Each structure stands twice: as C-alpha cells, then as structure tokens.
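Listed after this line are the structures, all set down as structure tokens.
Below, subunit A partners subunit B and then partners subunit C, in two separate complexes.
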Partner chain A sequence: MTATTSKPLPQSEATPLGQQLRGLLAFLGSQEFILALGIVLLSLAVYADNPRFGAERNLLSILSNSAYIAVAALGMTVVIITGNIDISVAALLGVLGTIAGQLAVHDYPIWLAWLAPIVFGILIELFIGFLVAYLRIPAIVATLGMMSVLKGGLIFVTGGAWIYDLPKGFFLAQRQPLGIPMPIYFMFALTLLMAIWMRYSATGRAIYAVGGNREAARLSGISEKRILMTVFGINGLMVGISTILFATQFTTIQSTVPPGVELTIITAAVIGGVSILGGSGTVIGAMLGAILIRTIQSGMIFVNVSAYWLQAVQGLLILLTVLVDIFRRRRQMSAIGK
Partner chain B sequence: MQPILELNHISKKFPGVQALDDVHFDILPGEVHAIVGENGAGKSTLIKIISGVYTADEGMMHLEGQGEVQFNSPREAQQAGIATIYQELSLYRDLSVAENIFTGHLPRRRFGAVDWPMMRQQAREILHSLEIYDLDVNRKVGMLSVGNQQRVEIAKALSRNARILIMDEPTAALTESDVEQLFKIVRLLQERNVAIIYISHRLQEIFTLANRVTVLRDGQYIGTKQVAETTEGELISMMVGRTVDNLFPKLETEIGAPVLAVRNLWRKPFTLGVDLTVHAGEIVGLAGLIGSGRSELAQVIFGISPAKSGQVLIDGKRVKINHPGDAMRLGIAYVPEERGSQGLIRQMTVQENLTLAVLRSLTQGPFVDRNAEKTLAQQMIEQLRIRAYSREQIVNKLSGGNQQKVVVGKWLASRPRILIMDEPTRGIDVGAKAEIHRLMSELAMQGMAVLMISSEMPEILGMSDRIVVMREGKVAAEFSRAEATQEKVATAMMSEQNGSGDATVIPSQDPTPVSGGMSQQ
Partner chain C sequence: MLKKSVVALVLVAMLLTPVLAAPLKAANDAPSRMLLGQDDLPTNPLACPGEEEAMEEPAATEEAEEVVEYNGGQPVDAPDLAGQDIRVLDLPKLIGIAYFAATTKGLNEAAEELGNMEIITDAPTEASVDDQITFIENYVTQGIDVIAFASNDPVAISPALRNALEQGVHVIGFDADSEPDAREWFVNQATFNGMAKAMVDSMVEEVGADGSVAIITSSLTAPNQNRWISEMLAYADKCYPDLNWLETVPSEEDQQLAFQRAQELVNKYGEDLDGIFAMSSVAGPGAADALTQMGVCDQTITVGISTPNQMRPFIENGCAPKVVLWNPIDLGYATAYVIRAVIDGELLPGATEVEAGRLGTLPVINGSEILLGPPTVFTQENINDFDF
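Right, the complex of A and B next:
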C-alpha cells in the first residue's frame, strides 16, 4: 500500500478504559436501562405508599399480566423497525382466541387448540405482508382493513357468544411450574430468543437495514419483499403465542375483540424505544415497556388512583417517548451539521 | 438602459464548498440573459439567491425602483416581481388551470368567497396574451402535457405581474414542437419588457434565444458576452478552463480482456441503445450532463431498473441481471451517487455498514460469524483509512469523506471484479478525494474493471484510461486518455448533433464518433 498521505493510520481501537467508559455510558443512556430503572423506581415509590404492592404474589401477577402484551409487542417491534405498523393485532387476538376456544370445547386435542392460533396467526399476517410488500398498500391501511374484516367476521360468526366449559388441560397460562406462572417463562424465553436473533442473524440485520434505509438496503442486495414477509410472519407467530397466553388465563373466552389492546401493544413497543420511523429499536425494550405499563396499572390501584386514568397515562408515556426520540434525533442531526 | 436587476460581489458558502465567490450579474428589461456553466458551477445557487430561496453571505442586489434589496423568502422575491420556473414544475396536479394560475392570490368577492367567473375570465385573458388559445382553463393540470403545464407555469408568473422571469432548464423535458412554442412565448415576453434569466445546458438554444450570456465556473464569475459576439467554442473553453492538478494519482495499468460489455442496452427513457465495454485493469470515465443517462445506465447494469432489451456480457458470456442480487453474484459492485440516501444505513455502525452487502457469506448456521465480521471490517477500515474512533461508531457521525469511504468499503468487501462508481468524490474534501482516487487506481492495477461516472471534468480527465461521453441516453463519443481534452469532452457533452434538437428517438447502432459533432462551429 503506498503511503501518499502522511496522516496517521486510523485509531480504530480506543484505549480499553476509554472504550469501557463509552460502553458504560451508552448502556446507562439506553432506553432499556432507563425503562428498567423506571420500573424499579416506580415500584419502590408505590411500595413506600402501600407495602402490599411488594407482595410476591402481586409482583408475579404484574409480570404474568405483562406477558401476552410483551410477546405481541416483540412482533410489533420487529414490524415497526421496518417502518410499518400493525393495528389489527387486537382483532387478530380475538379471532385466534375464539378459534382456540372453539377447538378446545369441541373436543379436539389440546395441542391442536394451542397450535391453531399460531398457524392462523402466521397465515393472516403473511397475507398482510403480501399486501404491504407486493401490492404496496401502506401497512396502516392494510391492517386497518384487516382489523375491520376480523372484527366484523368474529361478531358475525359467533354472535358474540362466550365460550364456557373449556377442558381443564387448556389453561396453559394458569400453570405455575416451580411456583412461577407459565406466561413469565414464555415472556422471558421469547424475548431472549428474539433479541439474540435480531442482533446476531443476517436476517435480523437486514430487518434493521430495510427500516433504516430501504433504498440502500435494496442496493446492498437485500430483498425488501422477503424481509417484509418475514417480519409479518414473525408478528403472526408472536400474536399466535400471545393469544394462547391471553385466552388460557381465564375460564371463559369472550369471543370479542379485546378493546384497546392494540394500543397497549404499540405503546409497549414505542416506549421500549422503537423508532416509529423505522430502523432502530430493541425487543428487550418492548418487553420492559409492557412490564412498565402493567406496573403503572397495578401501582395505580395500590395508591388508589382510578383505573380510568390508565389510558391517559399511557398516552402521556407515548408522547413523552416520542418527544425524547425526536430530541435525540435532532441532537444527532445537528452534531453532523444537517 | 438601466439594468432592472443588478448583483455585485455575491458570495455564498455552504459547509465545505464556496458555492459562489464574488459573482456579478445584471439584466436589462426585455433581455434574455443566459447563465451557463458546468454542473456545480454555481448557476443554481445564483438563481436561488435571486429568487429568495437562499440569501447571499456577501454582496448586494439592486432592483430597479426598489434600490438595495435582500429577499428572505421566495415570497418576498415574488412580491418584488421575480418569478421562477424550476425544472420540476410546482403545480397542483388536481387543481384546474385557472386555479393554478391564481394560486395564492385568487380573485375574491365579498366575505372572502372565490370569484370563480372572474378567475376563469382573467386566466383566459392571461393565456390569450401569450397567444395560447387552445387551453381550457377548467382542465386539471395533471391531465396536460409537460409543454402545456409549463405554459400554465408561465401564465402563473404573469398573473403576479412578474418583471423578471427565471427559467431553469426549461426545455429539458420538452418535445421539439413544445420548444418552438416556448421560444415564441419567450419572445412575446421580451416585447413586453419582461427580463428573462435563462439557464440551459444546450448552447444551441442560447445562441437562438439569448442576448447576453454569463459564464460561471467553480462558483467564480468568468465573464459576460454578447451572444452575437461569441462562439460555442469560446463559451466552452470559458466554462471548463481549468488545469488538472495532482489530485489524480493515476497509475499506469495493463489493460486486459473485456470484463463487462453491454450491447444495445435499452430502458426508456434514459437508456436508448447503449454500447460500452470495460476491460480488466481499466478505468472508464463516463461523462455527460445531468440527465444524459449516465446514472441510469449504471442502474440498468446493476439491475436496479433492469434492461428492457439488449445484452449484458461478463467475460464474453451473456448474463441476465434482474435485481441487484444478480449483479452482486456476478461480481459487480455499485457505489451509488447519493451516499446518504442510497449508500448508508445511518443508524448503523461503521462495521454493520461495511459488512451489509456480504452478511450472507459471513453467516454460519443461524448467526453471523462475529469474528469474521470484525476482521473484515477492520481490514476495510485499514485499507481505506476510514477515520473512526471504533468499528462500533455510528456511521452518521463520520465526516462526509469517511462516510463515502464506508460506502466504497462496503462494496470492496464483496470482492467485486467490476466496480461501478457514481460520482465517487462528490461533496468530499480534497484529502479524501485524493485517497479515493489512489484507491481506485490501485484497484485497477490489481485488475479490477472500473466504470466511473463523474460530473467533474478534471476527475474524468485525470483518472480515466478511456472516456465515454453520453448524451440523451446514448453514447455520443469516446476518447482515449491521450486524445481527450476538456474542450473535446465538453463539446461532445453539450453539442446537439442534429440542429433542432430532435427529440424523437431512433435506435443507435454504433457509438458515434465525435468528429463533426458540433454543428454550430
């Protein structure tokens, strides 16, 4: 290599100490750390006011209640990272829950009742993916349409009838191996799996690339269509699993669409740090976002604030997070003079 | 006669570039004054200052009847009687002709209601004054031809009583008959004492239409000539008159067998039967004006917008390229023109960007091999001397030159045999420029076939073994390194071969030799 310019070679590795310090600062400033800290501080504050909040049973129930939101938020996060969104998840959750319940009460094997929502979830989301990737329908429109179809279809087919007398073995979410509710295992295991996959697989990287700069990703040989199909497929998988956790927690299934759940799921993803414009965000953040929402909800009950405030608090959290995201972005932009 | 507008000592600086440096310009009522210069000479900046999009850092603008003026917004310039027709027309496609003409100042009745009959009437009057009788003022603008849309745009300018009309490349998208129409309107406006600032790359038009012409080069004022007293040749030498400095460490290479060849490649509207060959070890410079189809050709070859007909041959074998993935597998790499929007994923780290195009090959089992990825990234950082504090630095925080090196590195990581670079050094500082040139030269020496698209004449002349000039979607001329001069290349870039600028397209067979290419001399 000819050394025509006399500038020093790049200092590609900073001193170990500097490197570590940078790493530490980045960690402390990360959305995940802030969320975890928020959950802990909030819990301590509520606990100080009402020590019953700290009971093991209550803490486990907060986590357990977070699980189906968190699992769905994992899928939602991946979708949002590509710059898309899915507002049909709550409707899908309702439909898939009804399918599972109907199979179970009609004496089909329990494993089939559990598998069906996953399979149908993936199929329906792949169809949405097809609309978005191949027919170029904006995700918000495609999923808005899907939401209406699912909602209307569900009412039409079931007439809103509840499903009772589910077989005993059906209630997966009520099981407590080692004294810990089953949903908590699912939540942590799936989050870990997704986090590793998003971070270390080529496809995970490609998902971030498509969301960060679709054109550059395409020019780098990444097929946007395939990535979008993958992303919605994963979302279907996650909504399917979320459905099982959701539908097997109580003795009845309502055969309706749980109101406002899509907003809670999107809120979890957004306060988890996913950029609504695509390109960045983590699934661990989404899980913590779900736990934070449930902690607030539970905490409000313990300090005697009306649960009606929850919606408002959720809304404020979204605005706050997006505001912080915008400021962060702006600072980054001004740092490079653009 | 007093100039209606006079600019003196105008300077404008953007980060890293002196866009205009002490520029002078003036225009008389009823005059057509053309501004010419190469891409990046400062024409656009100058008209944007006149039309209030930018404000000058230094210098004075004097408008007849208003004295010293400075426009802080396009609106202020409009109110002062300056209207601009940009290349990209700014019309509302879903509104009618009349509504478009009166956008922003609709005739009103009492209570602020729009006076529709009055508006239609006035719109018709304005069009008639331009001797346009065949345009229905109730039609939606989106339904009109480009030529008619442009007439609407002109009428819009007149509805605001513009005294100065700026036209930026007005004929770029027009057919021959529309060009005639436009010229007729321009002459009509001249008779009414409207001053017209006319920007065009087509020197021919300037000789038919303009009274005076001002030449800019690299943001500097070179001179103003009476059109009647100058020649095409003189203007070209004023436009390019620069010396090639030692920014270009071109090494002697051994030119091998043809690696990439395209034969009669078609994709309308920008690739109209192109033939081109690049040999191993050769740097082919692809020159041409903006809109001549250079970048589009690269995109056709790389499969971004695949060819509709024609052949691509690699090592003499015919291949099919339908998307970038195909091109990559065949050993082609493409460093795109816009590093921001096409090259980088801004949120990602240097390392992630460098390995993006080769992640699949670094994947073992379900996961990317982190060590292999690190090694590759480190190697690219060293080879390209990317100045980042770590592989993990977010790429957005690097300087422009280093960002560009990351984009180049991303493609070198794929070990291509054919490297297409579109404006490889645009907007980066001189040091980084020289480094990229050095790298390009080394790669060619190692046997890579390089196709370099550039709008910078010195770069084209300094780095190319062979220069191919494109014009209007076809290869217009070809020069060896030895025979190429700035004048020859610029002439081939700009001159019309068939006097009237025939817009109808005929399939070309062979690259046309440059001799006799200039019809004006």
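Right, the complex of A and C next:
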C-alpha cells in the first residue's frame, strides 16, 4: 500500500507495535508481494509437475527473456502513472533495433550503435511528449499515429530486409558475466534505480501528483507540461535500453516490428499494479509483471498445456491477476474512505 | 482480514493452475495427431527415398486421372512469333531485394541460352499491386510480347492481366499467382508435399529415423504452415513410422518468441530432443540462435524453411545443417523456358509436361501450373552459391 500510491496511509493513534503490524499487513497485501508470491508458487507448482523446469539454465532464460519487456514496462509504468499511455513502443523498438543494427554493420563504433537507440528513443518520445503536453493531443491518439508512422517508415526504408553479418562485439545481450545473462543485470539495476528515483526524488513524487490529481498538482506549483516531457523522455530512455537488450540477443535483426509486444509491455505494467487511470503504480511491480508473464508462458510448455490453449490460459491468468488487483484496491479505497 | 482473503485467493488460484490446465494437457501417453498443428485436409505424401523410381509411374497416372482441366486464360489473336525474337517484361513483386534479383538472374541465364529472348526487368521499388498494374498498362500500350509477373495481390492484379490477354499479350506467372484465368500458365516453385518430403528427409538424415522431434510453427492458424505439417506427418507415417513427434509450439512470426520456444523445448526434453522443425523464415533464425547460444547443437539441431542469408551463420556452425527452400534462380530460369514453349506452340492447354533446359522436363499440375520440382536443400556445401 505505502509503496503503491502517493497518498499517505491514514495514520491512527496506534502503538508502534500496531503500526508495525499495519505496515507488515500493507506489505503482505501489496501488489509486489502478491506478484512475487505468485511467481514463486507458480514456479513451484510447475516444478512439482516437471522438475526440469527448475533447472538453473531454464530459470535464467526466463529472467533473461523477461528483461527487455521489464525495462520497457518501467518506462510504460511511469507514463501510465501520469494517466497517459504509449502504444507505439513496439514500433519504436523495431525502428531503434534497425538503427542500431545498421550502424553496427556499417562499421560505426559499437558504442555508437548502442547509444543511438537511446538517443533516438528519447528524441522520438520527447516529440510525443510535446504533442501530448503542449498540443493537448490525447496520448492514445498521438502514439497511435506515431505507431503507424514508425511501422510504415520502417518497412519503407528496409523493404523488410533483415540485417545480417553483425560484428561480434555488438551482441551485448549474449554476454554472460559470472554465468548470468547480461539482460538480467540491466533489468534489476534499472528497476532498482527507477524505484528509488520514483520514491525519493521530487520529480518522482511530482509524477504521482500529476497523475493523481492534476489540479492539486498545479496548485502546489508543479508544472504539468514539464512533468509530461520528463515522463515521455524517461520512456524513450527505457525503450532505447530495451531495444539494445532485444536487438543484441540475436545473430540477425528482424527488420519488422515484433508483433504484439506493446500489449505484453502494457500488460506487464498493469499486472504490476499501475492504475490505468493514473496516480498509482510501481516500477518493481512492472518488473515482476514481466517476469510473471514469461513464467506463465514457459511454465505452460513444461506442464504440457496444449499449444491450442497457450494464449487462452495466458490471458486467463493475466485477467485473474488484474481482477485480484481491482478487488484489493476496492478494499483499500473503502478503508481510506472510512 | 480481507487482505488475507485476497492473498489466499491468489495462492489458491496459482496452485490450481496446473490442475485446471490438466484437461488441456496434450495427452502424452497417447500421442494424438490432432495436436501437432496440422489441418484436416486430405494429404498426398510423396514416395519414400529409394522408392521414387518405382513409384513414379503409378503415381503419375493416378494424378493424371484426377488432374484438373486446363483453367488458364488465352491471349486473343496473339501474333505467331514461333522461333522469332521476343521481348519479355519481367515484373516481380518489387525490385531491389535479393530474392527477385535471383529470379531475374535465372530469366536472363535462360534467355542467353535460348538466344531469341530479350528480358526487360521493370517493377516497383516496393511491393505495391497498384504500381504493378500501372507497369502492366504502360507496357501493354507501348507494345510487349510477354508479361512474366509475380503478383502482390492475386485478385487485384487480375483485371489488368486479363486486359493484356485481350490485347494479344502472353501472360505467365511465377512465384505468386493471379486468378488462373488471368494468365496462361503459372510456374509453381514448390508443392506442400514436396516441401514436406524435403523437410522430413533432411531431418532424418541428421537425427535418424527413430529420432525425437518437435515443431516450432508460426501461428496455429497459418494455412501454409498447417498444410506443410499435415504433409510432413503423412509422409513420416508412410516412410519413417518410428520418428517420435513430441509437440508443436507456435511462435507467431516473432523471432524472440521462437528463440524462447526453442530454449523451452531444449530445457524441457534435454537430450531426448534431437531436432526442431522450424516452419517459417522467422522461426528458423530464432530457433537456431537459441540452440547456438545454449551450445547444444551437438545433440539438438534445427531443420527449417528459411532463406540462405538468414540461416548462413547457423548452417556454417552446424546448428541448422539443412535449410529447405526452392532455388529462385531456377524459378526464373524455368519461367523463361515456359515462355519460349508457349510462344513456340510447344506448351498448349492440356499438355502434361514441358522441357526446361538444364532442369529437364517439368510436370504440369493443377490444370495450368508448372512445378519447378523438388525444393532445394541448403547445406554447408552449397550455401555460398546463394545470396538472397
């Protein structure tokens, strides 16, 4: 609870012990804890059915495959907290991946190929932020338009040709320092940084304030425009990093937009407990949401769910998680109401 | 506490998942062929390796009986150009990509051999059927003897082609067809049962006739993939009954998902998994990349439908020792011979075969299609001959 919204808990005159208990219960009821528990229990259940699921290699690949979704979901969460959304992320991921790949095959330095998606990601997202903050175009419309522009532009420029013969040094995501795939380090480090920043920085608090009550935020001297630009800028940064994790995983780069990835990213954020109306949500939840999605996907293969049911079962589990979240929120709202 | 009940609900739900999923399990004890991603259309498996010669005759007559009548169109009052020089418009889906550069190369190789054919390659720079129609109209107006096309849209291109036929221009399709009556012949690069035979034979050469294999398909609703899988199962039932089919998983034209699926299959079956069929040009690279990065190619390999450029690194490192597709140079080459045969009056409606230079005699199938022949298998030996 404390972690999920900017609103302070109603403080009763409880004893310190009572407060501790209350804090513990709030933690146990938090979306993060439920998600973490869900991941662990689901994994144990699958493991009981098929012990091969528990192999270190398998657990690492689940985490590693979650990473690029999780990193993009961090940015998405921040956007959604302000009451906006970005449905152009998958298209952006495809475009930025192609930019990175093209720079790498044309003998530009590797660091430039890695830096370019971040820079272009931030620039494109700042443009979206400008449309939303200054021209007052609803984010869903602005990003829907951007999605078409990016997809169309990509197919026009590449003609659908794949990128081959990437230099060896390019494959950042294939590296495994200390036997752990690189994307996992990125996922945890970025989540931690973002969580701290969102919780303790003035801008982080202001992001929640704008999403929670725009008018109150304005009256308390927060510039909504500046916050929206910041939010989309952060989203661009995260999509850029996500692109690097995605594009450097493979020997060839698919020059088309990966289908449905924006939905997976938004789903991860929503499962993570972000309120689609804005005002609340955490980045740790988003990361756990991404890991849960991958755990479900992988677990179903291990317990022999028929391929024909994969999507339906995955959707049901996601729906269930969101329902539980809504249920939990209602309780909290009525508790606050009292 | 209410929160407790929420937590409890989630716990129960999570614990119940495998139980709830139990009826959805692919029955492992009684492997059901209904669950491998095939369709329910009739199959027509080709002859097993070593039996081709013996089988060829009966199979041919059997096919001849159920053969579709010629259903192509005919040009109106076309001038008799038998043996004379002709000008051919080569109109691929688009220019600037390696695949159609290869078909054009094949057309020109054959034109050089024949000596009395000029190939004019002109096509849009992006795969647009509207642009193709403009090209057709312009060339018909200017005057051209033959149009050889690969359509971007089988329905939309047909009226323009019918108009060309009415103006006395010969129309031949390759790679991607129009409606049958809008062209005289279509050069078909591969049949489903032909691809299926090449895939299964390639796999068996790598993992043996009693190996265990899984399939990564594109999506479970993709008609081409379902057809290929059906024909593969039928062919394997006939020729390699001991081949052990583990399961089929979808990858939705997503390289990352194919990568993940291959990892999961290897982690799930370990050394019991000998081979993965990758059923699309996206699944192939994804699966091969996963096997490469996991370092398991000494025990699990992939055989896929993909292009040489996409699979080159994996053909070279042995993770995808065999990749199945057709040879686009041969496709262009055959198209040129078909054109010449039509002009010279050697390929008339009702014909059952056509001479195609170095490719030998090609059969007529489905009424008005010429089959290129068995698919090409790309391996370490021939991969460097191809760039598309």
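Quick note on the criterion: the second predicted complex is superposed on the first by the 291 of 338 C-alpha atoms of A that agree within 3 Å, B and C clash if a C-alpha of one lies under 4 Å from a C-alpha of the other, contacts with A are read in each partner's own complex, and residues count from 1 in each chain.
As a convention for this text, a contact is a pair of C-beta atoms (placed from the backbone, for glycine too) under 8 Å apart; a residue touches a chain by one contact, two chains touch by 3 or more.
Everything numeric in this text was worked out from a predicted model, so none of it was measured.
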Partner chain in contact with A:S201 - subunit B first, subunit C second, else both or neither: first
Subunit B versus subunit C as contact partner of A:Y134, first or second or both or neither: neither
Touching partner for A:F27 - first (subunit B), second (subunit C), both, neither: neither
First, second, both or neither for A:N50, with subunit B first and subunit C second: second
Touched partner set for A:S280, first subunit B, second subunit C, both or neither: first
Partner touching more residues of subunit A, whether subunit B or subunit C: C
Which superposed partner A:A216 touches (first subunit B, second subunit C, both, neither): first
Common ground on subunit A, meaning residues reached by subunit C in one complex and by subunit B in the other: none
Contact set on subunit A toward subunit B in their complex: 1-2, 4-5, 7, 9-14, 19, 22, 196-197, 200-202, 205-206, 208-209, 212-213, 215-223, 275, 279-280, 332, 335-337
Complex interface listing, subunit C residues touching subunit A: 1-4, 6-7, 9-11, 13-15, 17-18, 21, 24-26, 28, 35, 37, 94, 96-98, 125-126, 220, 247-250, 252-256, 259-261, 263-265, 267-268, 270, 282, 285-286, 289, 292-294, 309-310, 312-314
Residue ranges of subunit A touching subunit C (in the complex, touch as defined): 25, 28-29, 34, 37-38, 41-42, 45-46, 48-50, 52-53, 55, 57-58, 61, 65, 68, 155-156, 159-162, 164, 174, 246, 249-252, 254, 258-261, 294, 297-310, 313, 317, 320-321, 324, 327-328, 331
Residue numbers on subunit B that touch subunit A, as the complex places them: 15, 249, 302, 304, 323-325, 328, 334, 336, 341-348, 352, 356-357, 359-360, 362-363, 366-368, 370, 378, 381-383, 385-391, 394, 396-397, 410, 431, 434-435, 438, 442
